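The same subunit A turns up in both complexes below, where it pairs with subunit B and then with subunit C.
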Partner chain A sequence: MIELIPHILNGLTLGLLFALIALGFTLIVGVMEVINLAHGALFALGAYFAMTTIGGGWFGSSAFGVWWGDLPIATRYAIGVVVGPFLAAFAGMVLELCLRPTYGKPQLYGLLLTFGAALVIEELIRLAWGTGEQSLTVPRAINGAFFMGGLIFSTYKFFAAGFAILAIGLVWLFLERTPYGATIKAGAHDSEMVRALGYDLSKLRLLVFGFGAALAALAGVVMAPIWGLRPHIGVDVIIPAFLIIVMGGVGSFWGAVIAAILVGLSVGITGAYAPAWSMLSMYLLLIAILGFRARGLLGRKSALEN
Partner chain B sequence: MRMITLSDIPARGGSPMTPAFGLFMVALATAPFWLPAVGLYQYLGIEVAIWLIFALGFNLLFGYIGLHSFGHGAYLGIGAYAFGLFQQEVTVSLWGGLLAAILAASFAAAIVGVFLSHRRGIYYALMTIGFGQIFWFSAIKLHGITGGEDGLLGIPRPDFVLGPIRFSLADNVSLYWFVAGILAIVTVVLWRLVNAPFGRVLQAIRQNETRARFVGYDVWLIKWLTFTLSAGFAGLAGGLFSMAQEGAYPDVMSLHQSGLIVMMVLVGGGLVSFWGPVLGVILYFVARDIIGGITETWLLWFGLMFMLMVMTRPEGLAGLIHVIRLRLGNVPAQVSAPGIAASRKEA
Partner chain C sequence: MSNSKFTRRGVLRTVAAAGGLTAFYGPWHHNRVYAQATDKPIRIGLTSDASGQYANSGASDRRGMLMAVAEANAAGGVLGRQIETTHLDTETTAATGSRVAERMITREECGFLVGAVSSGVANAISQVAQRYGVIYLNTNSSSPTESGENCHRVKFVWDGNGANFSKASIKNSIDAYGGDFMLLTNDYVWGHDTARATRALIDQYGGSVSDEILVPQGTRDFTAALLKIQQANPNVVAAAVGGDDQIALRQQVAQLGMGDKIAWINNQQDWPDIYGLPADNLFGVFGTTWYYKLDLPGVKDFVGRYQAMYPETSMRVPGNVFYNGYMATKNLISAIERAGTTNNIAVIKQLEGHVMSAESRMQHHDAVIDPNTHQVQQSIYLATGNTAPTEEDDIFKILTSSAPEDVRDEDSLGSCKLESYDDTPTFDA
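== the complex of A and B ==
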């Protein structure tokens, strides 16, 4: 039993990170009813931007001089964590502008457009950063490992889990306790009524897409030191995000969080017994859950079913 | 502008004697003669023909009944593995291998279809992705059977044997004739199928599933059957693919590949026309070879082209051609369907 503890903790960490990935995804699905297949590509894009910022690629070798590279790694990391999501949010907003002609048409077109966008972003990443695997440097303070009760834990994973909990909490506060959140939720529930009340829906959608992309990128920045960075990492990320929002119920905040933790735990625990097959457990979990509840754990009836 | 759907382009009583059909058959029969002349190569003809079988079968599900499968590459892959395993483990036989490919893919789809057939819309798409990923994942992990990431290598190309006729398919020209022959049969079969009452039922389900059920059709059964059938065609294409490649790899089962077939069918206009997938597949492979010859990042340009297409003309090339013909007033006499009348007025 004691040997299982690291696997359960690993699974929990993974689940929290999955939740972070799925939140931006479920937000966009909930408000705009667009399945954003480019979510994984935005995740990768944000992580690559952060990597370059932290590594000093843009500043160290440019007109800004060498002072950027001389900054302490912790400072550069903190700036990278902000810059990556910020630039990804910008990319997300551009994508939203491209999506506009598909509103009011079957959801398939939004899905297809974002599939094309995912291809384009992935190719752009290849063009800009090359095809090889790269890594994101983290400050020494959150790197390494520590022992506890005879078991070894990764410090970074604890940091990542804490970061994810904080981010999820802030997103929840934003959605539940601010007027912006109320507008976004109202937009998800009844977009025509929101428009009738005089809110600018197109601005709202732009912001929601930017916010969702920033969340994806934030997840990317936190995840990159664990998973490594490859141009096609977006595909590996989009699948769990997908499964999670479907399991949790499309558009449901807590559904996504619960499903993400379930997925993380199932991957972590099966990892103890059959490491090669652990990723398969999430698909089986999906089929099991959907077999009993077609709309997912906390899902309600939505327009996406038609 | 109002969007066009499949039902706006009326069927013509099931006769294969249409200009498009004739053109298709002529192109198919003459490809080996002009392919090298326009700077292309024989193998491309085989590849296009195989993907056409896959795409035309897929459109039965995607365009006609309107179920958006995003995991169809899995059935192509299963067909490819079944063909290879049959050659390596059972006996070297062309027909046996192809039959095994069709049966294996249909069987897998028949089981998956049980889970899928009462789903609709996005949930359908998501479930197909889930199952597609399971097959892809299994193909990578079952080293003992599939060879893992490396795939099955050295799959032979068996001789063509039909009664007293026997010839080798080892070179690409003869393989092309064989694949083109299969494609011609598949096209005729599918054409008859979609223009038969069955095809109308598929379209009825796409337009309004509830109404189709109330009219008395067993919607669940038809959805299940269509899924299984289209997977059977995918399996056939997969068998031919592993023959052409002389190997079977997990790559074709990935989400990426499954997305590409959706992309090809949609760009061509599979939603509005039987011939849409044909245009889409040809455009994809020609773009790959022509843009790919100029730049390494051809997928970037194809992706941008695709995005532009979805934004401006989501009905694809076939829809574009239809709109142009409507504008020119060059539309053959047809039963006045309400949809057509409306789009005429707007056009």
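== the complex of A and C ==
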């Protein structure tokens, strides 16, 4: 039993990271009813932007570039964590503008457009940063390893899990405790009513998409030191994110968080005792949950169920 | 009385027409592509991955093939004919590999196929190629089964395989660190075959395998496996993990500082998989067939040609994957030249048993294409991360060089059953 504890701990940290990945995805699906297949590409784009910011690649060998390079890595990292998601948010907003002609049409249009956008972003990354493996530098204080119970754990992974808790908390506070969050939620519930009350729904959608893209990018910045950084890394993200929001109940914030932790635990524990099943375990979990509760863990009750 | 009139000219005309029809429609059911005009370009299909787990390596592989073709064309082509290439993405997926091979042969009229990184894809392509008799060069996939149970008359395997690399490293590891092994294996054909070869060698040299952790392809978080390895605390971990999975593994092992706490054997290390990684990611001992800093004639010139042809590529120096792609294509072209024809059987015979000098291969020992398994028997190098690099790209430190006969994969000899020439369709490309 004691041997199981490190694996449960690993599963929990992994689950929190999955939750961070799924956060932006669930926000966009919940509010806009758009399955954003470019979520993974925005994840990668944000990480690349942050990497270049931290490394100072934007500034070359100019005087500013030299000054930038002399800054402590912790400062550059903190700035990179902000700049990466900010620039990705801008890309997300451009994508939302492209999506507008698809609103009111069958969902397949939006699906195909975001799929195409994912391919375009991936190719742009290849052109800008090359095809090779890159690494995102992190400050020494959060790198390395520590011992616990005679085993080595990654300091960064625990930092990333802590960061994920913070991000989840902040997003929840934003959605639940600010008027902007209230408007976003109202837009998801009844967009016509929000429009009738005088809110600019187009602007709201633009901001939500930008916010969702920023969250995807933030997850990319956090995950890059663990998973590595390559142009197609977004492909690794989209399937778990999709599974998690379906499992949690489409549009449910806490449903997504709980589902992510369950996925993390199942992958982490099977990874130790039946590793060949670890990837499959998340699909089995999906089948099990949807088998008992078709609308997901905390999904809204369908009108058809009344 | 019949009105029919047999004349000598009429009979000759009929016989000539029947002969012509026979030549085209039968009984030569093997003939797929008919002898083409001699001024028509020779078409080579490049079957390298452009997406999926081995997209990076596939790109490097393809660059190697294209450089060999460009050099041959600049020298006047082969048999007076220029060489054309066509590329389709095999997506690191066996099913796509089959479709690509079928399309390249039947619709793109490719007379030769070159390229692979994934063993599953290579196996799928070679089955289609054998059905049509099209020569296929498996450039970079290194499962022992490729030249063992999945060998084919038309297929030639250019990379060292898992058994070759394990042979070069297992005995040294047992002597240096002890005999308790744990295997970390990618759960697909290459991983399984390499692990099987490793197990056999561990048994042979008196070691034992305490556990094997199978990791599915696409695994991005290895923490569970690494925790289990720590709990078991073996002397040596023999990892057969490839592509993007391996990059993630390396980064996570380095983050935990486990690289120097346990002895790691990483089988083969493909250059595109590790290029650009920090030095502490290059822990353990691993195999390779070539390195750009080998102090041998021709290496510097080869690197210079690569840089001249690909000035924009982020990989500033060629690696083993590029090298294999280049060498395979170059030797295919010279085999056609030696055969004096594009007839597939004639070219196959030129490749079988062909000895390539160490100088032409830029390796320490002569290499030979084994006529029984069609695998290139070549020098195998063991390397580790270079802690004192002379330049930014100099990230390997070569530890040993093994002669082909010392690392020969004997099992393949027993399990490979090549189709006969008669059972292989024949045609001129």
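Points worth noting:
Throughout what follows, the second predicted complex is superposed on the first by the 294 of 306 C-alpha atoms of A that agree within 3 Å, B and C clash if a C-alpha of one lies under 4 Å from a C-alpha of the other, contacts with A are read in each partner's own complex, and residues count from 1 in each chain.
We take it that a residue touches a chain if its C-beta (ideal position, glycine included) is under 8 Å from a C-beta of that chain, and two chains touch if they have at least 3 such contacts.
Please read all numbers here as calculations on a predicted model, not as lab measurements.
Once the complexes are laid over each other on subunit A, subunit B and subunit C cannot both fit and instead clash.
In the superposition on chain A, A:131 contacts subunit C only, with no contact to subunit B.
When the two complexes are overlaid on their common chain A, residue A:243 makes contact with subunit B while staying clear of subunit C.
Looking at the shared chain after the overlay, A:107 reaches subunit B, while subunit C stays out of its contact range.
Of the two partner chains, subunit C is the only one that A:156 touches; subunit B does not reach it. Once chain A of one complex is fitted onto chain A of the other, the partner contacts of A:48 are absent, as it touches neither subunit B nor subunit C.
In the superposition on chain A, A:211 makes contact with neither subunit B nor subunit C. Touch criterion met: A:283 reaches subunit B, while subunit C stays clear of it.
The superposed model shows subunit B running into subunit C at a single listed stretch; among 92-100, 128-136, 164-172 or 326-334 it is 164-172.
With the contact threshold set out at the top, residues 232, 276, 279-280 of subunit A are in contact with subunit B in one structure and with subunit C in the other. The touching residues of subunit A, counted against subunit C in their complex, run 3, 6-7, 10, 13-14, 129-135, 143-145, 151-157, 225-228, 230, 232, 236, 267-272, 275-276, 278-280. Residues 51-52, 55-56, 59, 187, 213-216, 218-221, 223-225, 227-228, 230-231, 244, 247-248, 251-252, 255-258, 261, 272-278, 313-315 of subunit C are the ones that touch subunit A when the two sit in their complex.
The part of subunit B that touches subunit A in the complex is made up of residues 3, 68, 115, 118-123, 125-127, 129-131, 133-134, 137-138, 141, 254-256, 259, 262-263, 266, 297, 299-300, 302-304, 306-307, 310-312, 314. Interface residues of subunit A facing subunit B in the complex, by the touch rule stated above, are 35, 37, 98, 101-102, 105, 107-109, 111-113, 115-117, 119-120, 122-124, 126-127, 232, 235, 239, 242-243, 246, 250, 276-277, 279-280, 283-284, 286-287, 290-291, 294, 304-306.
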